[in-house]
Every structure is written in C-alpha cells, then in structure tokens.
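For clarity, chains are labelled A, B, C and D in written order, and residue numbers in each chain start from 1.
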Amino acid sequence: MKENGKFIKRAMVIGGGIAGISASIDIGNAGYDVVLVEKLPSIGGRMLQLSETFPTLDCAQCTLTPKTVETGQHPHIKLLTYSEVDRVEGKAGNFTVKIRRKAAYVDWEKCTGCGLCQEKCPSKKPSEFDRGMGMGKAIYTLSPQAVPNKPVINPSNCRYFLEKKCRVCEKVCPVGAIDYEQQDRFVEERVGAIITAVGIDLIPKETFGEYGYGTIPDVIDGLAFERLNSASGPTTGAIRRPSDGKVPKEVVFIQCTGSRDPERYMPYCSRVCCMYTAKHARLYKHKVHDGQAYIFYMDIRSTGKGYEEFIQQGMEEEGILYLRGRVSRIFRDDGRVVVWGVDTLTGKKVEISADMVVLATAIIPQGGTKGLAQKLGINTDEYGFFTEAERKLRPVETNVEGIYLAGCAQGPKDIADAVAHANGAASKVQGLFAKH
Amino acid sequence: MGSIMDYLYFPGCTLYTKAKNLDQTARNCSLLLGFELKELPNWTCCGATFPLATDNIMALLPPSRILARARQEGTTLTTLCAICFNVIKRTNRLIQNDGEKREKINNFIEMNYQGDLRVLHYLEILKQEIGFPQIKERVRKPLAGLKAAAYYGCMLLRPFDEMGFDDKERPTLFEEFLEAMGAEPVDFPYKIECCGSFQSVGSPEVATECGYKILGSAIKNGAEVVVSTCPMCTFNIDHKQSDIKQKYLDFKSIPVLYFTQLLGMAMGLDYQTLGFEQNFVDPLPLLKEKGFI
Amino acid sequence: MKIELTRQKVHNEFAKKVELISGQNLFACYQCGNCTAGCPVAFAMEVGPHEVIRYTLLGLEEEALGVNTFWLCASCLQCTSRCPKGIDIARVMDALRMVILRKKDRKDHIQISEFQEGFLERVPQIAFISGFRKFLS
Amino acid sequence: MFYPLRLTIYDSRIMKKLGVFICHCGVNIAGTVDVKSVAGKVGSVGDVAHSTDYIYMCSEPGQQLIREAVREKGLEGVVVACCSPSMHENTFRKAVKSEGMNPYLCEIANIREQCSWVHQKEKEKATEKAEEIILATLEKVRENEKLEAISVSINRSVLVIGGGIAGMTAALDLAEGGYEVILLEKEQALGGHMTQLSRTFPDLHPALPDLLTKALEIEKHPGIDLHCYSEMEDVKGYVGNFELTIRKKATHVDWEKCNECGLCIRDCPVEYVSQFERGLGVRKAIDLLYPQSVPHKPVIHRSHCRYFIDGSCRRCEEVCPEKAIRFEQEDERIGKKVGAIVVATGFELYPRERLGEYGYGEIPDVIDGLALERMLSVDGPTKGRIIRPSDGKVPKEMVFIQCVASRDPDRYMPYCSRICCMYTAKQAKIYKEQVPDGQPYIFYMDIRSDGKGYEEFLQKTIEEKGLLYLRGRVSRVFQDDGKVRVLGVDTLTGRMVEVAADMVVLATAVVPSDGVKDLAAKLRATVDRHGFWTEAHIKLYPVESSTKGIYLAGCGQSPKDISDTVSQASATASKIQALLSTDKLLQDPLIAFVDENICSGCGICVEICPYEAREMDSQRGISVVHSALCQGCGACIAACPNFACELRNNSSIQTLRMLDTFVTAGARE
C-alpha cells in the first residue's frame, strides 16, 4: 500500500458511454479529478444511437445530452476522446496509464466546430454510426450534438488518403485546422483508480445465415431500427425500409437472435431485447397506424420497474401480436421478406410475408475487451465480459484493487441498471480515495 | 493441370439404373478433366439412409463394409448420389470418432477399418482437387445466358459439422461451379429446402408439394433449368412434375439436369452421349433454343 | 384435454425409450419451436415436431404415437441443424418410428402390396430402399 | 374574475429584451408543431429581440445558441420552448447563467408534454397552442425578478433506514467514504431477508457467511452508529438539515451488560410460532432473531413473555449471570441530525393467506418461497431437510407456482416481481438434489432469467435435473386425500394439467414492507400505488426520491435481486457523497414570501403548510416563511384570505397575465 502522501486521488474512466459518463460525473461531483478516455471522437456511446428509451419513451437525446454536456464542461473531468488505453502499470493509488491519442487529422485546438468541412466533404460512405441506414462523410462528428464537437477524418474513406487528391476540407476550413500529417501520439496519465466501462456491441446480423438469405437489405438489427426511428437519424425518424424507402406495413421483430442459443451462438440472455423490441413495436405503431407488428419471442422478460405494464399496454392498446416461438428461416421472395416461424401456443407453423424484419441480435462485449482486461490484469468470462470479484455482494469490484467495472462490459444491462452499476463503481472509488 | 490421381468410386444402386445419365456423364467428364473414377469392386447398397437410432449399429454395417473395402483399394473415395455420400461420409466420421462403435462394427464386418479414408463428393473434387478456374479453361462451349438454379437439397449440407460441404444456410459452391460453366446462376430461397426425399414412397402427395415449392421458387426467380446432384432429388423435382401438373394445372414444366450433364455439355461432349433421354422433362428444346446443341 | 401428471409419468418408460433410441435429452427442449418453424413438411403434419416432443416428455404415449408427424419427417435435418439447444430432432422422430416398428405386433407404415402398378419401376432405388427402411419394421 | 386591487402595485412593465428558443426535440415537437412558423410569429412580438429554433436545444450546440444570443443581443429574459421543466429547466438556467444573466429570468414553455405529445393528430391547432404557451410564458418572464439561490449549511452525516443488504451496503460505502452514518433497523439484528435465505442463485453460495462478514464489519465500524430494534418516529427539516427522532424499542435486555451466554434463551419456557421461520418453527419469548444474529443480543418480546402477560415468570432474570434483564425498560427516544436520508426499507412477500384459490391459508403443505428457504437452511426449522409441514414426510411430487399475485393486474399486482423465476429454479434444483426420486413441476408464464449467468444456470438445471416446466397458470389448489391437488394448464400442448402433489411452493409477489406509507408521510416522499418508493426520474435520477435529500436503495424502490440491489445501494451512496462533498447547499429561491403590510397574522398559512415552513412572528404579529423549509408548493398562497402571500416568480399577476394570453387567444377564435 502506498503512503498517504503518494496515493493519487484521481480516477480514470475508460469508456464514455452512459456508464462511463455517470461514473465520471459522480466522482467529479465528489471533488476528485477524473480522466475520461473514449475511443470514438465524442462521448455518449450506444445511447447516442437510440431514439427513445423504455419504459417512459423519453427521447434518448434529451436524457443523455445534458449529461454529455455536463461532462464536457465539468471542472473536474478531463476528456480524452479518440483515444485508447495502450498500457497500464502500477497498482491502486498509483497507476500510470499510457494512452494512444489517435490522429484526428484535425487540430482540435484550432477547430471551432463550425461543421463546414463535413458539409463540403465529397466522400459519402455508409455510416457505421447509422448502422448502414444512412451515409456518412469522411470527415465527421458522430452527431450534431457531439461532445466535444470536433471532427475527425477517417482515412479509409477520405479521398486525400486514398487517392492523394481532394483536400476540400482543408480548403474550406476557415481556421486552417486540417492537418493531414498528424500522427498518433501517446500521453501518460497517473491515476489512483480505474473504472472500465467499455460497453457493448451487437453480434453482426450477417452471422445468421438462415436469417439473411444472401443479404436482405430489409432485415436489419435493433440498433439500425433505432437509427431509422431517430429524429436525428438518416430518415429523420420516418420508418422506411432500406431496400426501396417504402413504409413497411408488416414488420416482424425477432427476439433472442443469437441469444439463449448455446448450440450455435450465445447461451446467455441479452436482457434488453424484450423491452426494446416492445418499444420498437410500439414506436412503429405510433408512426404507421395501419401497420402490423409481429414479435417472435421465447419468454417475455420485462422485469424492471414499470416494464411489465409497458409490455401489456403494447399488446392491449397497440394490438402488437406476440408469437411464442423461434423463427427458423427468413428469405426474400417477390420483394417481400418471408419469415418462417412458429406459434408454439397453437403449435402451428407461421409464415409471414413481411416488408421488414428487425432482429434483436445478441449483445456481445465491445471488441478489444479481452485485450484491455489483459492490460489491466483483470479477468473476463469466456464471452469476453469482465468478471466481477463476487457476483452478489461485490458486483462492481474486480480481482485487482483499484480497478472497478461499470455498465454492460460486465454483462448485458439496460440503461437504468447500467447507470446504477456505474454509480456503484464511483462509490467504491470515492471510498478508496477517502480511506487514504 | 498436372497429373491428377484416380479416385475410388462408389456409384450406388440408382446410378446403375435410374440415374445412368449421372453416372455416365460423370465418368466421361472425369476423363476429359484428366482423372478416372475407379469403381469399387463388389460394392453393395449403402443402406440408403443414415441410421438415426443410436442404440443399434446394424444399419451402419453396409456403409462400413463399403468403406473398409475401399480402404483396401486406396485412400480417397468419391460418390455422386447425395444420399450415398451422406451415409458414407457420416459413417466414416463415426468410425473415426467413436472408438466403441468402431470396435463393434469391426467385429461384425470382420475387418479392421479406422476411418482413415477421405470421402469426397464429385463436386468437391472439381472444386478442391481440380479447381473451378482450371475447369473453366476446359470449357469449350460456355453455357452463356443459361439461367440455371442450383438445387443443393439437404444431404450435402446437413449436418454441417459432419458434412462440412459448404455453408449450410448460404452455400455458394454449386453456383461457383455453374459460373465456371459460363451459365448464369439463379439464386432462389428453396435451394436448401427438402425435396420430400423418401416421402415419395410414404406420402407421395407431400413430396409433390415439396417439389412444387422448390420448382415454383426457382421459376419465379427466373430459372430456365434446375440443376441437381442427387437422383433422389431429381426424381422428386423432375419425374414428379407430372404429379405436380395434375395438382397445379397452371404449372409450367422446367427441365432438371444433373450437374455432370451441364459439365459435359460445356466441355463439348456430344449431347447424344449425355443421357438426356433419361430426363423426364425434355431439356432439348431449351438447349436448342439457347444454341448449346 | 386433460393430463394428470405424476413423477412416474414424467419419467415414463416411453420417453426413456425415445431418449435411449435417439440419444437425446428431451428435458433440454425449451419449446422454442424452431424445428416446426423450419420444417418443410410441417404443412401436412397434424402437430409440429416440438409438440410431439412435449407429448413424449409428458408421457402422452398414445397422442405422441398417434400423430403423423414422424411418419412425414423426411430426415432432411433442417430442424437438427437449427436447434438452439443442439437436440437432434430428426433422431427423436426416427426414435418414435422405431418405437412403433419395433413393437411385437409388427405394424408397417406402408404396404408394398398396395402400391400402384408400375410405381416401383418408376421410383429410383434410393427412394424406395430408404423409404422401406423408414416405414417397414 | 376578481382582481385584487393591490396587484396593480406590481404592474410596472418595463421593456425587456427577450429571447425565445424553440426546440424541435427531434421530431417529438417538430413532427407536430410547425416550429419555424412559431419562431417567426413570436419573433415579431415587440420586446422579443431574438427568436430561433433548433433540433436539440439541450445539446451543446443548442445551448451555445442561447449563450451567444444572450451575450450578443444582451437579452434580459429567455423563454425556452421545449420539454417539461422537470427535464431541462436546470440545463438552460445554467446556460444563461454562464453569460452572466440571472438564471431565474429563464423560463421553460412546455410545448412537448403539454402540446405536441397530446395533439399529435391536430398539427395546426398544436402549432397555435404552442405559440400561445410561449406567449404566456413571455408574460411570466416579463415580471420575473432576479433571484439568488438560497444557501444552506449541510450536516454531513447520513441516516440509513433499513438494515438489509441494501441499507448495509449503502451504510458501509458511505462510512468508507468518510461520512458519519446512522443505521436504523426495525428488527433486533442486521441482514434483512437475506438472513432467511439458504443459498443464492446462480452460484449456490450459502447466503449467510458473506452477509455476516458485512454485518460484523458494520457493527465494528467507527463511522456507523447502529440502532437495531429501532424505528423512525419523526423527521423534520430539509435536505442538508434533517432532524430525526428515533424510537429505540425496549429490548428489556441491557445490551451493554449482556455477555451473550444464551442461558436466558435456553431457559425461557415460552415458545411461539416464529415469523422469521415463516411459521415453520418456533422461538422463545426472549430470543435472538437467528442463531448467528449480529448484534448477537436477545430481546424480550412482550406480547409473548409471561412476565408481561401475567407477571408469572422471571426465569430469564433469574438465570442471567450479568443481571442484564430489564423488565422495566421503556422505549427510548433519541434525537439526531443528518444531511441526507437513505430509505432501504425492503420488501415482504404477498401474504399467501389472501390467495384464496391457492389454499385458503388452510392447506399446511402450501408454503411460500421464503418458507422453503427456511427449510433449506441448515440452521432452519428442519435443519435443511425438505419435509411436508403437515406430516413430516418427504414430498415426492413438488409443485412450484410462479407469478402468484404477480403480473396479475386485475386481481393482485400488475408488475413482475423479478426474482421468483430464478429462486424457483434454484429451489427446484436443490430439491432435486435432496430428493433424487422426486419430481419438481414448475408452472410459469415466461421464464425470466436475465442476469449474468442466469440463463445458463437455468438451462443446465432443467437439462441435468429434469425439472418439468409447464407454461401456464394454476387456477386452483385444493386438498384431497392427503394430497394437494393442483389444477393448471400446459399452454404448449393446450391441455389442462392436474398434479396430485405432496407439497406446493408459491412464488408470491414481492410487495413493499409494512409501514412504508406511514414512513413516506413522515419523510414527505412519495410512493407509488403499490407502496414502492418513487424515484425522481427513472433514468436521470433513479436513486433520488421526489424529495430532496432523500435517496432510495433496494427492493423498497422496486423488486430486484441481490446483485442489482447491491449495485444500486452503492450508487445511492455515491450520489450522497457528491451531495455532501460541499459545505453549503444551494436551494431554489422559488418560494413563498409575505407582504408584511398586508398580512393580518391570522395564522391560516401556518396550519396549512405541509412542510412546517410557516410560523408566526409573535413580536410583529405576522406570519413569516422559513426559506430553507419552504418547497414553493403554493398552499399558503391559495389559503391566504388577504392575498398577503405570493410565490417568487409565480405571482398572481403573472398567472393572470398568462391566463389572459390564453383567454384572448380563445376569444380570437
């Protein structure tokens, strides 16, 4: 143990999603300095991609942006976005973390965030943030409300990097902030405690051969639906199917895609799909009044406060048809998406000729979680989720003193639970600091 | 192309009778491609279905015997009929992996076979051993403009971990083959659905329905011809077209060809040697229209 | 319509026999219905494969053996290949066939004598041999 | 409408430069309200110097728009037309403050919840209404005063109510963070319901050892002032400065003197049915809560003690070597001061006696989940053996029924109790291990195994142990021939199912603890209709109650399992540490004030104030406002017969002018 004088009462939070943000604000509000490291250009994480959140249907942006703004302006929080942890040394009270700050090819000191470069950039590629539902530029911010509101250039889409021509952004930038020569740089931060909140990904829908004969454009995943439904998304919130832009009148939602499937994919339950699918179906009905939503499920898991009521309301008031059974196959036929499922309650095979299918694909840890665990000296389970010190009573601690877990990197959770988990981790950090 | 080995060949009952056209064209094509199908001596029926009951090994003996005898002749065994291939390959794998059953089987057949034979489908030989690009070079009369739907059926693909033939949901091997022939592969969702198999004996009307759905899907997606690898499938989707027509009056026939017939045609074999007279729906008008013959 | 359950019934001889022949654990089935959803001949079945498994587990031997489901199964293995719990459903279907075909009073599912004239000449060997193996005791 | 004459005094309209900012809220507002047209129309109002719209006003660029306009146009008042003020009033007030504007000159016009959401199908009318709401809010802003937040000092200690795993976790976290904690537990020992559990899912660890370690840590912690067998009697005050009265119930044992020898318990002649053992065991009139109780001190239960009933016995007093028995002891009241309060009041199970169709409270072999936990506990009434309460036989047919009184909106509780699926699977597994030839049947509606490792645990257990899950509800349970007959259904075969069971275990609904509603009244915090504590916002403020300074932890807020409870309790501790990390607390000044010239000192306001924020100034003969206590509810304003009270920035004239806007608009139509 370090002597009192040397114990660094400064924390690092890895991951700037809702969990990382919540933990950072808590620690910052308690008066301790926090370094928040995020690999994307701005903070907000998965929640930034969501349209509305269950069970209140509050718009996700409205709940999240005040927090991202607060984080960005917090006197105790230092933001290191577009950055990744490279190496970790030391122990509780005295960690030295080497961080790679990725080349943005934009001088953020000079940049005013005016957005001219993005507007003029001629390169358009399917946007990863929009889950391929829309196009993105080679120089981009994740959203107009990004914190920090500074763009980066993606060299694999940029004409200058690919073909050594263009340089439009450089020409239009009023402050000369574009810097094609910028290199990754390394910085070191010394902290006394670390919280990892690196979040989740979805198992790629392409994994499911039987669900995407060839590749059916109108078979999308839950996050893609969030983008479609999002007012700040590619269709400004209109539900249109990707293949031809038509309003889908029959939409099939399939839960447990890749979850609860020990033989072929992930054995665990992804915990959020039941609720977000119910939400999707309801939001769909709000926008397409004469549409029909079908939901294939195995067990409806609505365990949070107000969740069961939310589900039942969806069935009763919106006429959402729940079908208890899995879907065996989806293929395209005559411009429609044919779904072969079953309703185990009547025992009948069900065939639906749908306009669009939304797969609630399994939640998996963010890529690189295992590598980070190695750097931190903590454990992961076989799927890559961080292992907590003890499941019941020490759910935010790890096997290493001074390193804590927050959010879905420990296991799938909804926003409310992820926030509670993150606040819990913040509490442990405060306790650790107070002791020394 | 270098010198290629010869392959032990298990034709199976049907290829000697109802599917002579498959057998003959395969043999002829192999010669053109520089290898020979060496027919196993004294072969017997493979059992015609892989036994699914796990408590009894009697049904495993015929394919085991075939394998054990083949091992005495060489190291690689090939076959054409998808069901025979499925039965033999699965049995081979079982002998390889299940020591207990292996011993029992060897006791019964009074041989000592360890499961160390390679079992390849003829299509696998074309792809892995020879290579589609190489075959493409041998194509004399490309089947340009022929919209061909590749029908995989079940037995080549499933069970995937035992057959390892191609992606069980989105296979492409057969289409690659058709492309090498210069044909235009037609993708259709029913290419991996069952033809009804032996239900043509148990519940013929069920098999008729299966065949109708497969052909209907292929036609809807623009196919002019359906290509098959298996005499069982071919029976259900070719010969049963008369039954389909009886039930669905507006059904329009579509020729069903073995992949080896296409291969032979593309490599310039005389169409009269391709056994089209055994095909139920006469493909000649189409092939003539397309200018292939 | 009504089932009276007892532990003897849940661990009934019939289900045990099916488990033994098929080598599958029926308790592993969580009734998701994927097998029925993908079955190419489900349209002609009286009940789907998932329900036959349920009947068997609950000891409803008569009901399980009385439906046409497993007779119509073409062993195409679509169900097996997509079962999330790794149950080889085709084996379960075959096991049910076996239970009937192996009974003392041998009862074949098809009668060769009733075939139409010329039928066997028309059908390829592979079809009737595998058919006979599936349908005759 | 009666206009009080004096209102004209305040009617001194000075031209201000006002700004209006209209948020699209994505499509939430802009999808219904024509924001551009509203911005144009409002912009043409004389004193509106700036009017604009933006997709998300709450975002950084949105706030930047406001800051720039305040700076460049020198705005003196701002209206942000957006969602409910409960969402973002604070956000925008902070934004204008950063440009030097008094934050109380910024007001929210709610055009989402009160306009666009409720008029989705009438776009034109919604647009008109949005305009009116903004115009009305402008009227308010014109009369707003510059106000300063009220600064109050903070007491940096915390009260935790409830000594279950939630309260224990919060208390320990806070104490570790360096704060003084008072921990209140109504039972005589720590641990709550977790002390009743045998093993916990999904790893089947024994529940008690880990819990006891924590309890001992609390007992010894210098920062925690533990009060068991104590209840909250009264709370006064407000965030930062709560004044508590705690009632320490008489234990009739001097805990200081007691040496924990246990002789009193051994020799006590009275045995009665133990609630702790869920009716399956007995306890003595002087007893511990459970054998390893922390604190490890006995309590005499007056209603069962012969001394208290008829004075006939003093056995414990006789045997006590330390002379620690105190028959004459009385409840003690102690006063404490704290800055924040955690309510971790926990849960109860729905009383099975109220479930007529499941056994009328008559069938002894129908028990609930907690009762089975007691049976499964090695220190429980059956020493861990599962036997039928009626005849002690080992049950061979064991039926578990889930969702008993849960997910039943018509008759019982509409919500899911969240833990039953998992504990039932766990119990069925342990049962099957103990009775290998027995058969567990589990009636369920949906299997909800959504925690880490839960689904895997469940599937493995079903496969390996042969649990029979039957999807369907049970309609009736009755006694028949020494068996418990269960009439249910298997919706997967569509058949009615009947089981002649030896024993039935009901997974009854999780409901809030008794007395929560009284406590809520004392704390002036709210509970929902079922009695669960209401959080301020399910995502933004999930551990904050609707009353400032009062925080929530554990199942009292909603049902959750141990792991989630522990996370949440730590989260609560984290929020409180942030609150208490400063010396002074700033409070909204939007409170009542009294016009001393008008107040007649009638005292009606003092009577009516629910926060005890009004008192009489006897010297001046008028009523005054205690600014730290006043919550700005407005009850006194309505009650005052003389119009002597007003709310800051919510004056009558403001209200009337706002009303005028709507009335005029209505008249135009």
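Heads up, the rule we're going with is that contacts are C-beta pairs under 8 Å (C-beta built on N, C-alpha and C of every residue); 3 or more make two chains touch, one makes a residue touch a chain.
In this text, all values refer to a predicted model and were calculated from it rather than measured experimentally.
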Message: Looking at contacts between chains, which pair has the highest count of C-beta pairs?
response: A-D
Message: Rounded to a whole Å, what is the gap between the Cα centroids of chain B and chain C?
response: 27
Statement: Chain centres from averaged Cα atoms put chain C and chain D apart, in whole Å, by 54
Query: Per the centroid of Cα atoms for each chain, what is the distance between chain B and chain D, given in Å?
result: 68
- line: Distance in whole angstrom between the CA centres of chain A and chain B is 47
Message: Touching at least two other chains at once: which residues of chain D meet that condition?
response: 459, 492-493
Task: Scan chain C for residues touching two or more other chains and write them down.
output: 30-31, 43, 50-51, 78, 85
Message: Two or more other chains touching the same residue: where does that happen in chain B?
response: 168
Message: On the basis of the stated criterion, which chains touch which? Give every pair.
response: A-B, A-C, A-D, B-C, C-D
Message: Considering only the defined contacts, which chain D positions touch chain C in the complex?
response: 396-397, 437-439, 441, 459, 462-463, 466-469, 471, 490, 492-493, 495-500
Message: Per the contact definition, I'd like the list of chain A residues that touch chain C in the complex.
response: 210, 256, 260-265, 298, 324-329, 340-344, 347-350
- line: In their shared complex, chain C is touched by residues of chain B numbered 12-14, 17-19, 45, 47-49, 51-55, 59, 81, 83-84, 154, 157-160, 168, 193-194, 196-203, 205-206, 209-210, 213, 231-232, 235, 239
- prompt: Any idea which chain A residues touch chain D in the complex?
  reply: 26, 29-31, 51, 53, 55-56, 58-59, 61-63, 65-66, 68-69, 72, 113, 144-147, 149, 230-232, 236-237, 259-260, 262, 267-269, 271, 274, 299-309, 312, 344-347, 385, 390-396, 410-412, 415-417, 419-428, 430-431, 434-435
- line: Counting only contacts in the complex, chain B reaches chain A at residues 167-170, 187, 189, 217, 220
